[in-house]
Amino acid sequence: MTLNIGVIGTGAIGREHIRRITCNLSGGRITAVTDVNQEAAKAVVENFGLEAAVFPDDKTLLAEGNVDAVLVTSWGPAHEQSVLAAIEAGKYVFCEKPLATTAEGCRRIVDAEIKHGKRLVQVGFMRRYDSGYMQLKRAIDERFIGEPLMIRCAHRNPEVGEGYTTDMAITDTLIHEIDVLHWLVNDDYKSVQVTYPKKSRNASSHLRDPQVVTLETHGGILITAEIFVNCRYGYDIQCEVIGEEGIVKLPEPSSITFRKEAVQGTSVLMDWKDRFIDAYDREIQDFINAVGSGKEPQGPTSWDGYIAAVTADACVKAQESGGREEIELGEKPALYEERTLSQA
Amino acid sequence: MTLNIGVIGTGAIGREHIRRITCNLSGGRITAVTDVNQEAAKAVVENFGLEAAVFPDDKTLLAEGNVDAVLVTSWGPAHEQSVLAAIEAGKYVFCEKPLATTAEGCRRIVDAEIKHGKRLVQVGFMRRYDSGYMQLKRAIDERFIGEPLMIRCAHRNPEVGEGYTTDMAITDTLIHEIDVLHWLVNDDYKSVQVTYPKKSRNASSHLRDPQVVTLETHGGILITAEIFVNCRYGYDIQCEVIGEEGIVKLPEPSSITFRKEAVQGTSVLMDWKDRFIDAYDREIQDFINAVGSGKEPQGPTSWDGYIAAVTADACVKAQESGGREEIELGEKPALYEERTLSQA
Amino acid sequence: MTLNIGVIGTGAIGREHIRRITCNLSGGRITAVTDVNQEAAKAVVENFGLEAAVFPDDKTLLAEGNVDAVLVTSWGPAHEQSVLAAIEAGKYVFCEKPLATTAEGCRRIVDAEIKHGKRLVQVGFMRRYDSGYMQLKRAIDERFIGEPLMIRCAHRNPEVGEGYTTDMAITDTLIHEIDVLHWLVNDDYKSVQVTYPKKSRNASSHLRDPQVVTLETHGGILITAEIFVNCRYGYDIQCEVIGEEGIVKLPEPSSITFRKEAVQGTSVLMDWKDRFIDAYDREIQDFINAVGSGKEPQGPTSWDGYIAAVTADACVKAQESGGREEIELGEKPALYEERTLSQA
Amino acid sequence: MTLNIGVIGTGAIGREHIRRITCNLSGGRITAVTDVNQEAAKAVVENFGLEAAVFPDDKTLLAEGNVDAVLVTSWGPAHEQSVLAAIEAGKYVFCEKPLATTAEGCRRIVDAEIKHGKRLVQVGFMRRYDSGYMQLKRAIDERFIGEPLMIRCAHRNPEVGEGYTTDMAITDTLIHEIDVLHWLVNDDYKSVQVTYPKKSRNASSHLRDPQVVTLETHGGILITAEIFVNCRYGYDIQCEVIGEEGIVKLPEPSSITFRKEAVQGTSVLMDWKDRFIDAYDREIQDFINAVGSGKEPQGPTSWDGYIAAVTADACVKAQESGGREEIELGEKPALYEERTLSQA
């Protein structure tokens, strides 16, 4: 049983997923593509030697394409419409983040899915598929450290371009922590506060960098998240969970150790693309496996996409206000309650 | 272009590769299987939902099956005949170790392949596909540590069954180091000596455990390899290369760190099957990718299988003699010279 | 030239320093002791075989004892009077923390010392003498990480007694971070805020534990300090300084690594007394060396004791208010400006 | 009770111990010195401000000096005569390694001490006082890893001068491992073999470097010791003990960790003098404490010095022969049997 997949948006990330499904993963094949740049879409079909039809737009692809599921990998502002169209068509959707560019947009998707009555959407928050985070999650769920009380994390990039603005520290960078942390501790965010340490001289004039975001959950867990996108030394993702009985911490990426020139150490990654390669593979394989066997997707839901959007909005507000901002999600719809695989 | 693969031997490792090709990897499908136990072969087809024919034996599968390549995953003594038959039929072969149970058998395969005029065979030494060993190889090839002078390695298992005998420390355990180490340093073994430290009381009465194997290469590199198959604490593979300008060392398997009950640490694997999971995936994917595009397999060759057999014979002789034993390979046939991918 | 030392207070810490000076260190001898419990003072002289006179109180000891310097190791509320008396007598003083129990008390000592015209007092903040902190300091001063921007630290104890109250997290525990951090980055504190994560069930009913203290310096450095005195797993001091060009971090206490029972790791200390043993030795030896050669003490000054008191007051206020509290030191007196050793 | 100490030999190591006793340690004072260079001896007295008499030679110092104990820190060939003279005079001796330059010389000292009837001599093998080795010893003695079966160690220097010859790898370098390892496992050496890996191009033409020395104990423990004195990257001492139930390993020297320029790591020492500073302090303090209270020295004995000499001789013979050489100590005299402190 091979899953027929349509791809909406054949830019960098779209091509990357096409390569992944075609060359690395099992159980799926690309049967339809579309892009605002039709020549680009055709080139992709040719370059990967796909047996796939090229469609003028998402709606036509959904209506006429031989597809069981679609990947939405267009630019962010186009996501909402494509996802809504896919739900309307009853197709499974893997949508890259953001699910929509506004909390309201995410909520419209949630409502459409509820109306449809079945979860169809998985959002591309790949960290939940990272081996290290999965180990952390298992340790926490098995109560290896007792009740979690605090989380300390850091998201560091060696540098960012001139176009990177202060709010992007939330919407482009912290957004991954926002998704993965509430999942990690099975809790919801309650409030957020942003503090600015001394600014690095390596940051551009318009950018506050680094930043420290303090999130509190309803359960009382205190999360201190550092964002530092001009840290120079590498791409570095840290996460440590402090519990009543002990601490667990994300492993460093596996790398040979060396002793040379008066140093013993390991390399730190410089390119973020190397950090979660395996997680990208796993999230797409998991999507294919689940929906290919008629189950709901098992990854981050539309509701998770909505949580990320609402939380990011509050974080940006806190960046500006300097005070504590509340995070109001409303009640969690029944469709998104935890269930075992067999119920799905 | 999907590669049609026949599987000769549907025991544990055969099933594992079938699962891998069917559920995890890209570009291959199982179209034919055979096993001395025909019921088992049929059950495998059913359980995995394969569209594959069941054949009475390897020769029939090769003659009548719709296969571009075969996996030889039967028990060791049957490997030689199946590989020779595949070469005779001009089919690509992925053969689990050992290539043959004797050096002479391996040599017969080498000669058959030379006669055929093209490399068809890849031997299942998966460590060359382990991320850590690949990083070591790259560091050595890029002369990061200058000329390698020594290698220290260890191969430890928590325990072995009663049936495990002293020579199996070479033929079942060290065999992986034998393959990967000469590849790592681009050198050939010259001699070997085996020393027995004090025996662990956890070893069965008929087993010498631990053992230390000292190999020398023609280039003068000294390799000290510890084998300890009742070490109790875990499955642990260590490898450290000491060069003129520095040292590189295999990373520990990636694992979350913890602080709990007066200890900070990480888990050590207890099951060898967890250690090289990714390497197994990569070796098979690489085999599919290479032969699926009409190239020679890029992994360990028949000649490497022959090297392993000759070296293991010398190690076993050294176990018994207590002295230094020479390792005589004869001249390397031109077919097995290093070449760039484009030449292959 | 042996320094004659009087000890005011022969309780646990007093005896520990007497043992240190008598059995471990060079250049000093105990010539006079006093304690509110005269029998205890006499017992100490006898047990250590000291050639030391026992005096009824601090003033008599200072007036009649053959002492060049005194150690004030009585209980906290008695420190101020003894230190003031020593300054009055023109004697060097090593005073265990706190210098005085109130900021006003500390200020009176500062003023007395200024009036005397020379630094006589060293406060027993031993962390500045810890090898790890000294390495951090050197790295920062040499600008190895560029400008420091943030500090993340943690002070964890396995457990505390029933008598430990929420404010003691500041005055007994964080007080060491308060002293060492401003010294580390050559900066002064500006404000503080305290946040309470979810409370550990291992903490007694009247104690907020853990706590997170956020300090800002005038230079803009943001310090996040976790205090967790019922962490169960060990006594653990963490400190990481994040700079513009890199990060430096306190080493773990040196300990053999082990592999056993599916874990590789090291022991974590359970007893705080083991953590800074070498630092206690070094601070007292440094005090003896400096004042024994007629120089001013080189360690934490009365002004540092005053900083600690003012900062601790603001932290306790912040514990209660939940808001940001300012830290006002007033201008630094000239006597306490940094100077090179030769000027002193 | 201050121990009066005479120093025989005021070269580098002599001055270092004088500084140590005078400025760092407790309970001893230098009261007499001698050196073949009388001017040097006088300069030392002056520079350190010692109240010490300068004597023309060791015999006069022992006869006329006000000394309870002597340090023998002259050049190696002079050690034997000074130690014998000290025993003759009934004085305690701390003798830097080697105890004597020949096994026969060491034996003469052993015999003299036996004749005297009490242990007077401690040999300056400081590693037994290193915190890491002490922790290893404790773990082994407490059977934390069960019975020890193998030891893997390495002794690496960044570089050596032209004057360093192949045998000095044993007599100057491995000599420390020779002393510390038999103590660590409470066992005696039985045989030794030396193997030469590929030579580093950084070694001078007359020097075999690196070398691998394989020692076996009577109990069957197999020790693999690498000596590599031109390893370039640092001064590095490794020691790992593999037991029936687990492994323990020497810690790296405590050092801050950094993240900078795509590397996370720690510094490796370049200067051997920094590695065992604390151990030097501890060995001398322990000597002072023991003999100052009338006990026998508690550190390495004359018999240990003799073991080191006999073992080194066998190692050098094995360097030349290429074969296995036996190590024959003869029976251990009763004077050197382990005893508890109270018996001494």
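Labels A, B, C and D are assigned to the chains in the order they are written; within every chain, residues are numbered from 1.
The rule we apply is simple: a residue touches a chain if its C-beta (ideal position, glycine included) is under 8 Å from a C-beta of that chain, and two chains touch if they have at least 3 such contacts.
Quick caveat: nothing in here was measured; it's all calculated off a predicted structure.
K.L.:
Any chance you could name the chains that touch chain C and chain D both?
P.N.:
Neighbours common to chain C and chain D are A, B.
K.L.:
Would you identify the chain whose Cα-based centre sits farthest away from the centre of chain D?
P.N.:
So the chain farthest away from chain D turns out to be A.
K.L.:
Tell me which has more C-beta contacts between its two chains, A-C or B-C.
P.N.:
Greater number of contacting C-beta pairs: A-C.
K.L.:
Could you give the separation in Å between the centres of chain A and chain B, each centre being the mean of its C-alpha atoms?
P.N.:
Centre-to-centre distance between chain A and chain B: 37 Å.
K.L.:
How many angstrom lie between the centres of chain B and chain C, each centre taken as the mean Cα position?
P.N.:
A distance of 59 Å separates the two centres.
K.L.:
Express in whole angstrom the distance between the two chain centres, defined as the mean CA positions of chain A and chain C.
P.N.:
One centre to the other, that is 46 Å.
K.L.:
Quick check: what residues of chain B touch more than one other chain, meaning two or more?
P.N.:
Where chain B meets two or more other chains at a single residue, that happens at 232-233, 245-247, 252, 259-261, 266.
K.L.:
For chain C, which residues are in contact with chain A within the complex?
P.N.:
By the definition above, chain C touches chain A via 146-150, 152, 195-202, 210, 212, 214, 219-222, 224, 226, 228, 231-233, 242, 244-247.
K.L.:
Any idea which chain B residues touch chain A in the complex?
P.N.:
Against chain A, the touching part of chain B is residues 1, 21-27, 49, 131-132, 135-136, 139, 144-145, 245-261, 266, 285, 289.
K.L.:
If you look only at chain A, which of its residues touch chain D in the complex?
P.N.:
232-234, 236, 252, 259-270
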